[in-house]
Each structure stands twice: as C-alpha cells, then as structure tokens.
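Next, two complexes with chain A in common: one pairs it with chain B, the other with chain C.
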Partner chain A sequence: MGSSFFTPLSWSDSGFILTGVLNTVYISLVAIIVGTLLGLAVGFIRAEANKATNVLLGGILDILRSVPLIIQLILFSTYIGAIGHPLDPFVTGSIVLSLYTMAFMSEVFRGGFESVHQSMIVAGRSLGMSYWQTVVHIRLPIGLRAVFPSWLGVALSVIKDSALVSVIGYMELLRTSEQLISRTQQPLEILIGVGLFYFIVSYPLSLYGKYVERKMAI
Partner chain B sequence: MIQIQNVHKSFGSLEVLKGVTMDVNKGEVVSVIGGSGSGKSTLLYCINAIEDIQQGRIIVDEIDVHAKGTNQDRLRQKLGMVFQQWNSFPHLTVLENASLAPRIVLKLSKKEAVERAKKELNHVGLGDKFDEYPTRMSGGQQQRLAIARALAMKPDYMLFDEVTSALDPELVGEVLDTLRMLRDDGMTMICVTHEIAFAREVSDKVAFFHQGVIEEIGPPEQVIVNPQKEATQKFLSKVLH
Partner chain C sequence: MEYEFHWNIVFDKLPQLLSGAFVTLHVSVLSMLIGIAIAVLLAIAKMSDSRLISLPATVWVEIARNTPALFQIYMAYFGLGAFGIHLSPYAAVLSALVFVNAGYLTETFRGGFLSIPKTQYSASKSLGMSSIQVYRYIILPQMFRRIYHPMTNQFVWSILMSSLGILVGMNELSGETQRLQSLSFRTLEFFIVAAVMYFLITKFVLFSASLVSQRLFRGDI
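Entry: the complex of A and B
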C-alpha cells in the first residue's frame, strides 16, 4: 500500500537536479554581479562623503546587514504581493539578495578605497591627472587588490545564502532537493549531494582567496 | 618663470605661510632650507595648486595658479613634483609607472608613452628594471623612478620635497647624483632639502625659511657660507653640528 507513491531517486531526476543547480548558480551570479557594482558605487560614496551622508547611508546599510535575509525575502515578497504587483520569485529573490549583497560589498569596497593613502592620490594629481583619472587608475586598482580576499568571502557566503530564496518559491537547488526528498524519501543521499555541491563550489574558491591573501602579505 | 608674491596660507587658524615672496627664473636651481614645520612643503604644494592660498599670487609662466579660470590639471603638467615618500604606484611595473600619465594625461599613443618612459628611466639608471614591480626595489631606486615618472611628462619645472629624507643613508648619493644630472641638463628646480652641502654645491639661490617667511635668500656663498641674519646663523649652526 502506498509503496508506489514514493519512487526512488533515479537518473531521470538528473535533469531536475541540474535545473536546481543552474538556478542556484544563476541567482548567485546575478546577486554577486549586481551587489558588487552597487557596492562599488556605495562604497566609493561612503569613502568620499561627509559625515551626515555617511550616518544616513550607514543606517540603511546596517538594517540590510542585520535583518536576517530570510525575513527580508518574506517581507519583500509579501509586500510586493500586497500592493498588487507580484513578481516572479527569481526577480524578487534577485532584488533582495542583490541589495543584501550590496550592503556587505559596500563596506568591503569602502575599506579598499580608504586604504589607498592620500599621498598616492596627490602623486597622481601632481602628474596632471584629473580627480577621476586618479580614481580609475590609482584608487580602484590598488583598493580592489587590497580587498579581493574579503570580496571573495562575501561572494562565497552569497552562494550559500541563495538557498534561502527557496522560501519564496524559487526553484534553486535546495527547493528542488526538498521536492525530490518528499517524493523519494531519501533525505540523506540527497542532502549530502546538495551539501557536496556547495562544498565543491566554495572550497576551491576559498583556498584561492587564502592563496591570494598570503601572496599579497609578502 | 615662477613668481611667488606675498603668499599667505593658513590651515584653519594656523597661518603657515605669512607673506612669502620669491622668484625662480628659467634654468635656476633654488634650494629651500629651514626647520621642520616652517612651511616648506606647504609652499611647494601651493605652487602646484594642490593647496589653495588665502592671499597673494603665484604665477607660473604668466599663468596665475590660483585664479578662478585656471586649468590646474593642465598647469600641473608643467610642474613635476617628487615627494619625500616616493609614492610609486604599487600595482604597476616600473615602465607602467612612468608611462601612465603620458598616456592618459597627454593622450600619447601607448608606443610613444612607453618610448618616453624608457628614455627617462634609462636616464635615471633604471634601464634594467622596466618590468620590475617598484615594491621590490630599494627606496633609492623608487625615488629615481618617481623622478623619471615626473620627467616623462616633460615638465618645465621640477619641485623636490626632501626627496632624500626618507632614504637609508647609503642610498642618498644615487638620488642626489640624479638631481645633479638634472641641473646639468638645465632643468629649473626648487629643492626643499636638509642636505646643506648639496644645496651649497648645486644651487643658484638658497632660501632660508623661518616662521612662515623667507628670512634670507641669496647665493649659497651668502646664505650658507656667510649668513647675514641671526636666525639663519642659528639654524645652520644647529644642522651643521
């Protein structure tokens, strides 16, 4: 009785799993790219802005950083639904995850911009460079190098955090595996597989980050 | 010609320059000596429009440095500056350090900019270091790179702010030799320096800076060998012993 209701994991599920993997990669990439670009702009503004602007911006960013992502996802998708503009879970998830990423990235980049000593910029100006030329050719490249390991750390945690977007119905890896689990009743195999995926993606990257950090310390 | 006319400069309530007047003619080497904190660096920064001034005028080849309509980025192309701290760009090779500004500021082609940079690097004795990263070089080499980097812009004037002060003693000589070479090339230079013997040797004029004004200015035979003002005598007896 009911034994036919559950069907074991089989090769025919691989397409479904692959969809989950790709969707996880997809939304992570969107959040990392958008979050990095926005974070660069906000980080630069924070490094350059006066105190009042910084207090205001800092407050907003603190909220984004301290409210748990899962709550931000649910709040945002509920609000969007309530005002009558329900969005695709991918779009909703991308917006929230990107802003969340931006909040962390902006602090990373701010630190990078501030690590470039004023005298380096004066040296550039004394060669006739304009303000923006010193930003593009001196502050950005030097600052970015300095914060690369921290940037990578944030990017890695975004890949892991993207699993939370499953709560608003996005078919990323965790949600596909939950569906597979309820069908196959093989939670152990599936969750170990999913865990392995995150590990295989994250671990080499974090090793690479450590390698870069060590190389720069010399 | 650089004309400095009654320049006053304050940082907040601290008046650092209290009416500085001095002319630097084409081809001249002028050394500026004086106690630390007397405003020597500030004066160079004002000439280069890195700092603004509150009163007076600085005129470089008929251009009023701090006038409203002056294109200061453009003006700085005429004025090379080298600092106590060499400020090499750490993410660029030696050759890239020296060719960056010619390329992006003067809009030379990459080939022209590199050629120019190579010529200046050879000139300061870094011909074998093109592909090296500056952080792997000695302070003396980095300071010579800073000089070449400034020269690659083909400036009409060079401003040197205690360019040997941060160097290990054994590296001072190679940088001073580079400055001598520039003087022999006919470069117009203002050198803020603590190297009194060097100032005496290379300068056409020496200016002694004291409490925000030029206390004494004249040929080295006067200011260094036979100072007329008491403050100059005091300063020299302190640094020479």
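Entry: the complex of A and C
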C-alpha cells in the first residue's frame, strides 16, 4: 500500500463504465438490425434461388461462419488500413459484426421461408394474389413467426459476441473493464459487474424465447 | 493504395502455425471431453427433485449460456487472481471453454434424455431387462443419436472460440499468428493463412463427424 500507481475503483468511474455499457448496447443493436435485414434478404434469396446460386451464396456464408469472429475483425480492420482507408473502430466493428450476424440470420430465415407449405402459396395464388402478395401476406408472417425463438437465440449470441469488437479498439464494456482492471488492480469486482450486466440483459430474453417456443410447440 | 502481398514469410513460418493449430485442437478436444463429463453430472443434478441439488446446476448452466465466452476467459485469467489462483493462458482458456461447454451440453443431454418416452423404460422392464440393460440397449443409443449433432456443433464452437486465446497470450493458432506477425508485420498474410486453417479444421471436423454418423446411424430413419 501507499503506492499511488494504482487507484481504487470509485464513483467517478461510473461515467466511463456507462460509456462502455452504451457502446456495447449500441453496436449490438446495429449488428442485430442490419444483420436481420440482410439475413432476411439473403435467406429469401436462398429459399428461392436455383442450385448454382445457392452453392455460391452458401459457400460465402460458410466462410463467415467457419472463421473465428476475432480473425475476421483483425483481417478486415488490417485490410482497410493497408489499402489506405482506415475506418473508425465502431464502423469497422459494425460492418464485420453485421455480416457475421447476417450469416447466421440468413439460415434462420431460410428455414422459416421453407417451412411455409407450398399449398398455402398455391392457395394464395389461386385467390388472385400476385407473387409478391403471397410473399408479404403469407410467407413472411407465417415463416417469421415460426423462427422467432431461433432469431432471438442468434440475437442473444450477437450481444455476447460484440465483446470481441474490443480487439480492434472499440471501447465496449469488456475493454472498458479491462482498462479499469489495469488501473485499479481489482479484477474480481469489475468482472462480476460486467458479467452481471450481460446476464441481466440476456437471461430474461432467453427465458422469453423458451416461453414462446413452448407456446408454439403445442 | 495498392497492398503488396508477401507470402514467403508466412510459408517459412508454417511449422509454427501448424503447431499453433495443434494446440487449438488440443485445447478444444480436452475442453469437450471434460465438458461432457461435467455436463453428464449437471444434467443428472438438474433433473433431481431436490432443489438443493438442481439449483447449483441451473445456476452453472444459466451463467454459462448468458455471458460472453470472453468474459469467462477474463474471469479465469484475471478474476481468479483475487483468490490467489494464477492460471496460465492455456489453463485459463481451457477452464473457460470447459465451463461454457458443460453449460450448453447439460441442456443438450437433458433434452436428449427427456425426449425418450418413459413408456419405453416400462416396456423394456416388462420384457425382463434389468435397469442397466434398459439404459445400455434402449435409452442411451437413442439418446446418443439425438445429441450427436448438437455435440458436433459444440465442438466446432470450441475450436472457433479457442481463438480468444489471442487476448491472453496463449500459443494456439490465433495467438501464434499474432506473435509471428508482430515479428514481420505481414499482418494480413498471416491472418489470412490462419483463417484458411480455421476453415479447413472446421470443415474437416464436420466432414469426419458426418462420415462417423453415417456409419453409426445407418439404417435409421
């Protein structure tokens, strides 16, 4: 004791921690929204497209799912730096995390679209609906409802995976806490707080997902 | 601006990268084996009627499922220091992966077990089978079929997540790549090769798993 090199955690750090929390929420929301929209489009294309397009698209999505997120973040951030267009860590992180989310979401939505029985679409067409009317009024509502629990599962994993964006310098919650740890040397208190935050966000949503799944199973 | 690739530096270091890939496989296989053993116990505990036994299992499962893997690794690497436990990077990543794998697999095992109707148990009993025979020939084979694919996915997840070892200075594929690129600054080349290696490892695991499953479960509907 007596050394002033390490300063203990104090209330004045709460603003710093809050920034980390908000940044985590912020980048997770961006990735979930953009990833869902892109995934919806790609999932629809995959459900409709011919074999050749599917093999090509599937291959690209497969790479996004089979290479660790942390490597994708490092590669993309190094690449745009090397070609002379460095971006803000938030933008870089959002792009990579959104594409990563898209890769998982597209499979979820593809399954949803394919779960809508052909006879319903035929029935819609025979009632005089156009192709896009069957998409908007039949395939989207029925297909999307079926995959809601899976969608929620992917969204929750994105919130957790957003912690990895810290590797390219984005000040999300875990990086904030890491900096606080090196200053205060109080790892346990800080990490328990961080864990609690993720838990409080994720646990109720996962319970809700299970509830919906059980309700739909009947 | 054009970026000029220099691959020779990377190919010279291929043996080190391969040994990093070996550590990646090593830590993920081990985390699966220990994780499976713990998950079996947790699944049994979770199905217990006594809350005293089921509650700790539930707490483990929910913490593992609802917090980031990176948080678990930091907890093992920095957090345990508060108790005077100082783990090596390898031990920290291994214990974090074991913790998460056990949590996810518990639910997999429990779901697999509960999916088999109780009537099968009574039917086998009435055919004169002993309890051990019922589990050995009736319950466990069916259960294994149902948990096989989730287990394969969990293994792939472990391989991919062991890449977080880079953040605590572990010598698995990502950490080794990081160390090697810092000597030459050919960051892109090194990480592209690492990405390809992860892709190949993942594909190899999934391909072998599907071969094994065709052999194990042939004739099944």
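Going forward, the second predicted complex is superposed on the first by the 216 of 218 C-alpha atoms of A that agree within 3 Å, B and C clash if a C-alpha of one lies under 4 Å from a C-alpha of the other, contacts with A are read in each partner's own complex, and residues count from 1 in each chain.
Note that a contact is a pair of C-beta atoms (placed from the backbone, for glycine too) under 8 Å apart; a residue touches a chain by one contact, two chains touch by 3 or more.
Predicted, not measured: the structure shown is a model, and the values here were computed from it.
After superposition on chain A, the partners chain B and chain C are seen to fit next to each other with no clash. Of the two partner chains placed by superposition, only chain B is touched by A:S119; chain C is not. By the touch criterion stated above, A:Q133 is placed in contact with chain B alone, chain C being left untouched.
Comparing chain B with chain C, more residues of chain A are touched by C. Applying the stated contact rule after C-alpha superposition, one finds that A:S66 touches chain C and leaves chain B untouched. Taking the C-alpha centre of chain A as the vertex, the lines to the centres of chain B and chain C open to an angle of 100 degrees, rounded to the nearest 10. In the superposition on chain A, contact of A:A52 is made with neither chain B nor chain C. In the superposition on chain A, contact of A:R145 is made with chain B only, not with chain C.
By the touch criterion defined above, A:Y79 reaches chain C but does not reach chain B. Closest C-alpha contact of chain B with chain C, superposed model: 25 Å. Applying the stated touch rule to the two superposed structures, the chain B and chain C interfaces on chain A have no residue in common. Against chain A, in their complex, chain B makes its touches with residues 48, 50, 73-74, 76-77, 79-81, 83, 85, 87, 89-91, 100-101, 104-106, 146, 149-150, 153. Against chain A, the residues of chain C that register as touching in their complex are 1-3, 62-63, 65-71, 74-75, 78-79, 81-83, 156, 160-161, 163-164, 166-167, 174, 187-188, 191-192, 194-195, 198-199, 202-203.
Partner chain C is touched in their complex by these residues of chain A: 63, 66-72, 74-75, 78-79, 82-84, 156, 160-161, 163-164, 166-167, 174, 177-178, 181, 186-188, 191-192, 194-195, 198-199, 202-203, 206.
The part of chain A that touches chain B in the complex is made up of residues 119-120, 122-130, 133, 137-138, 141-142, 145.
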